[in-house]
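Listed below are the structures to be examined.
Next, two complexes with chain A in common: one pairs it with chain B, the other with chain C.
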Partner chain A sequence: MANKINKPGLNDDVYAPMLSPWRAKAKISLVFFIILFFLWYSSRTTGVDFGDLIMGFTNMGQIIDKLFPINMDVLGPAFDRLIETIHMAIIASTFSTIIVIPVSLLAANNITQNWFIYNATRLIMNILRTIPDVVLAVIFVGIFGTGPIGGIVALFIFSLGILAKLISETVEAIDMQPIEAMRASGANTIQSIAYGVMPQVAPQFTSFALYVFEINIRASVVIGLVGAGGIGQLLMSQFSFNNYGAVMTIILVIFVVVVIIEYISTKIREAII
Partner chain B sequence: MANEQPPKKHIPTEKKIKRVSIAAAVLVMYIWTFMSIDIDWKEAFNRFASNYNVVVPQLFSPNWARAGEVIEKMIETVFIAYVGSLAAAILAVPLGFLAAINMTNNRFLSTVGKWILSAVRAFPEIILAIMFVVVVGPNPFAGILAIAIGSTGMLGKLYAEVLESIDMNVVEAMQANGANKIQIMFHGIIPQVIPEFLSYAIYRFEIDVRASTILGYVGAGGIGTMIFFAYSNRNWSDMGMILLVIIVVVTLIDYGSTYIRKRIV
Partner chain C sequence: MIEFNDVSLVYPNGHQGLKDVNVTIEDGEFVVIVGLSGAGKSTFIRSINRLVTPTAGELKVGGDNILDYKSKGLRDLRTKVGMIFQSYNLVKRNSVFRNVLAGRLGHTGTLRSVFNLFSKDDKALAYESLKRVNIDDKIYSRADQLSGGQQQRVSIARVLTQKPDYILADEPVASLDPPTSHQVMKYLRKVNKEDNITTIVNLHFIDMAMEYADRIIGMRSGEVVFDGPVSEVSEATFEEIYGRSIREDDLRGGAKDGEQDQ
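Right after this comes the complex of A and B.
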């Protein structure tokens, strides 16, 4: 007995069951095998074939022949459509940043004391966030017809979901003491939000708005594929005509714009926070 | 004297000029946007009035007859996301090490690594999918490749940030004791970063499930193919079913992944 208290044996599993190396190893190996099994199973069902990939790369010559030389004729229309894409992103980001203010306050548990409203807002926003941007675009293009307006509404809903989550989390993390002090000295709800909450979240709010603008530029490229206007629409039409030279030009244009906008927005965000 | 206001904060002139010019720039941007965007409001309103009753009620009455088929395709989508994310989680490790300045000790290499990663991140998944459909043909494998490459950009960046924030004292102590590079790697660096790496990889899997739902739209497998057909046939009750399945599966995966990530870190 004395031996057991002072000096446990090496294989004493009872002494520290969680730290037993054997168990830890068995657990990790089990997880590892589960991961590998899923990998094997899902590769089989999805038809992963590295032969295809290698074949594809040996055929790269032909594909490069298809994609290059890039078709510069499409550059003019691509530029016009690109401006449209940027406009769509600007409008959608603006409206979603305005609408998100009340929504995020309702979805923050330190501002909204009402359990039902808080959870209902959260639930709706969580559901919105699970819908892929393209599905939103498909629905709103179905409602509004092809053209930028369906895309704008889709981007608006899409970015509202993201912003509501980010900003309500920021609001929940603020210092509540100024607000309590203001309420104690007789400020009403609107006043305490305007002078207590807003100054605390303003830098993050601006930063998230820029972030959402960045996401919207990228998403508006994607939703254009289903006919919601912008450069994606042009990309899809060239793709369906198998006009690969033009497709490559448009892809390069998108690439350059995304890099530039990301760079500018990162610089502004660094300056703000 | 009762109405006397508290003294106003003095703002320097340069700051005032800066603020006014930023406001003017934003204003010009908005005027430009709203003047030049080509929207026929009347037409859009008419379409809305006529289509609303066709689309929305059907979306909310999903076509249960096709539930089996939709769920099958959704499982394929999850598989695409799984294989893609796992491949990305592995591919991103060397790139993350390359981009982390404290691992390479070489400003040039680390900048090159960061540039590669941000270049990869600039391509939306669906555009990568278009490119891989051209390379390997229209099948789920193209989708896997698109997800794998697309996720590598973000994961590599996050990995590099994790690596840059590790405790270098451990590594220095090991170097001082004469450990070689491989020993430092396995006993000094990897134990510090494994939980975060795993957590980010699982988080990325969450995003990839969402991203891979749309890949089928360009022929890269998964539920996107059904979205394409439902949209082409304007079959909104099928679309409702697809939407319902996506919402349920994505929510379940989000909860599962949040649970696992909380246990890891």
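Right after this comes the complex of A and C.
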């Protein structure tokens, strides 16, 4: 019997197969129309209008006008607050990097055999990760008052959630054979972790710690807007005084420093992995 | 002395790993366990350091029934019993020296080992062990830069650093080529003779078993079907153990008596 796939081609001069079978084509088209529908429906319910976007551009011109000339008087305080931001990021990153070591081991199923502890740790970390950094900042500024302490605690919890996820997955992917050998030679759990697990995850661990530091620098600017200290707080106050020249200076300072830090951090991470 | 008295092991999935095993191994013996894969060789060996736990019978190592051991007793037992694995089980990113020092973990306090505070004697012992298997020139190389045979020699050095009374080797040459296989077996044999360490090796190559063993134990579906000195073993013995005729791939071949060091 002739092959079914070839059959339609038998009557044509040249048989060229379809790029994908019609079923796949129909599926892709369907998905496309569903997305198009949601796009239309969402813009209808939120009242988004393309006209508004164009109107917005003219407003943008006004704002840009106000941003110049830049106000250099704020440069000194901006650097002071920026250093505070960096300090906040360093403290939060360091503490979360230390605390994440036991947490990520408890959240790795090859190390933690106890079903309850493993799942409980994972659940807590997953819940932490669902809370956006700004919301954490609002909560802890409420608890500790305006200033860097609330910001540091917010950043610490925020980065702990990210690190626990990344590092526990790294731990789960390690080669377990050396650990078996250590257990077989009478090493206890802590020794097996120090000699078998740590050397295997060290490069990724360092890389993730730097990555979280980068994220914390950017996040600490944002959470400053809700009063959690650092340069974000300065940016917000200048904004509320309509001091646009100063706002521009602060934005430029943030931009330069974030780019420099990310560049250095990326280079270090490339060198490690 | 290692004594198996009516030892049986049934895995949680119902598979019978060991069935009424009765074996006594004297101190200083070099025993090779042969059998097809799945015959229970691994289970036999791993029962001795309790990487698996038999479900019935009595298993004595140095006079004590090890089946009762809990965490501390178990760790003490394991410091006395060294193990060599088919895939070497080194930490690939660590240096050879660090891997060999890991053999001292069972003898070192947790805090000291976590902060790398090994005694001078421990480090000297680790270096001596590397010298005994002729790989001291690779001391600071990373483990993953070594060939398979070299890695297996490092793992022998690691076991020597442990100063064990017994060495268990679970298919130590299965991942190696014939000349390297013979080299590794020669080192195991040498250590057994020089230090009088009781050595139990799993092999499925019958020519290697004949060449290196004092005594051969044959296993089939969890049971000991042969146990005797090498002098009593013939091809017919292996055919009985394997339950089929001997084939080409049951032999390792290669350097029979060659001086294949390095």
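Keep in mind that, in the parts below, the second predicted complex is superposed on the first by the 249 of 273 C-alpha atoms of A that agree within 3 Å, B and C clash if a C-alpha of one lies under 4 Å from a C-alpha of the other, contacts with A are read in each partner's own complex, and residues count from 1 in each chain.
Everything that follows uses one rule, which is that contacts are C-beta pairs under 8 Å (C-beta built on N, C-alpha and C of every residue); 3 or more make two chains touch, one makes a residue touch a chain.
Fair warning: this is a prediction, and the values are worked out from it, not measured in the lab.
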Chain B versus chain C, judged by how many residues of chain A each one touches: B
Which superposed partner A:200 touches (first chain B, second chain C, both, neither): second
Partner chain(s) touched by A:75 [first = chain B, second = chain C, both, neither]: neither
Which of chain B and chain C A:178 touches, first, second, both or neither: second
Which of chain B and chain C A:124 touches, first, second, both or neither: neither
Partner chain in contact with A:262 - chain B first, chain C second, else both or neither: first
Contacts of A:187 with chain B and chain C, given as first, second, both or neither: second
Chain B versus chain C as contact partner of A:91, first or second or both or neither: first
Complex contact set, residues of chain B against chain A: 29-30, 33-34, 36-40, 43-44, 47-48, 51-52, 55-56, 59, 75-76, 78-80, 82-83, 86, 118-119, 122-124, 126-127, 130-131, 134-137, 139-141, 143-145, 210-211, 213-214, 217-218, 221, 224, 227, 231, 234, 236, 239, 242-243, 246-247, 250-251, 254
Of chain C, residues touching chain A in the complex: 49, 51, 75-83, 85, 87-94, 98, 102-103, 105-108, 110, 113-114, 155, 158-159, 162
List of chain A residues in touch with chain C within their complex: 175, 177-178, 180-188, 190-192, 194-196, 199-200, 202
Residues on chain A engaged by chain B in the complex (per definition of touch): 35, 38-39, 41-43, 45-49, 52-53, 55-57, 59-60, 63, 66-67, 83-84, 87-88, 90-91, 94, 126-127, 130-135, 138-139, 142-145, 147-149, 218-219, 221-222, 225-226, 235, 239, 244, 247, 251, 254-255, 258-259, 262
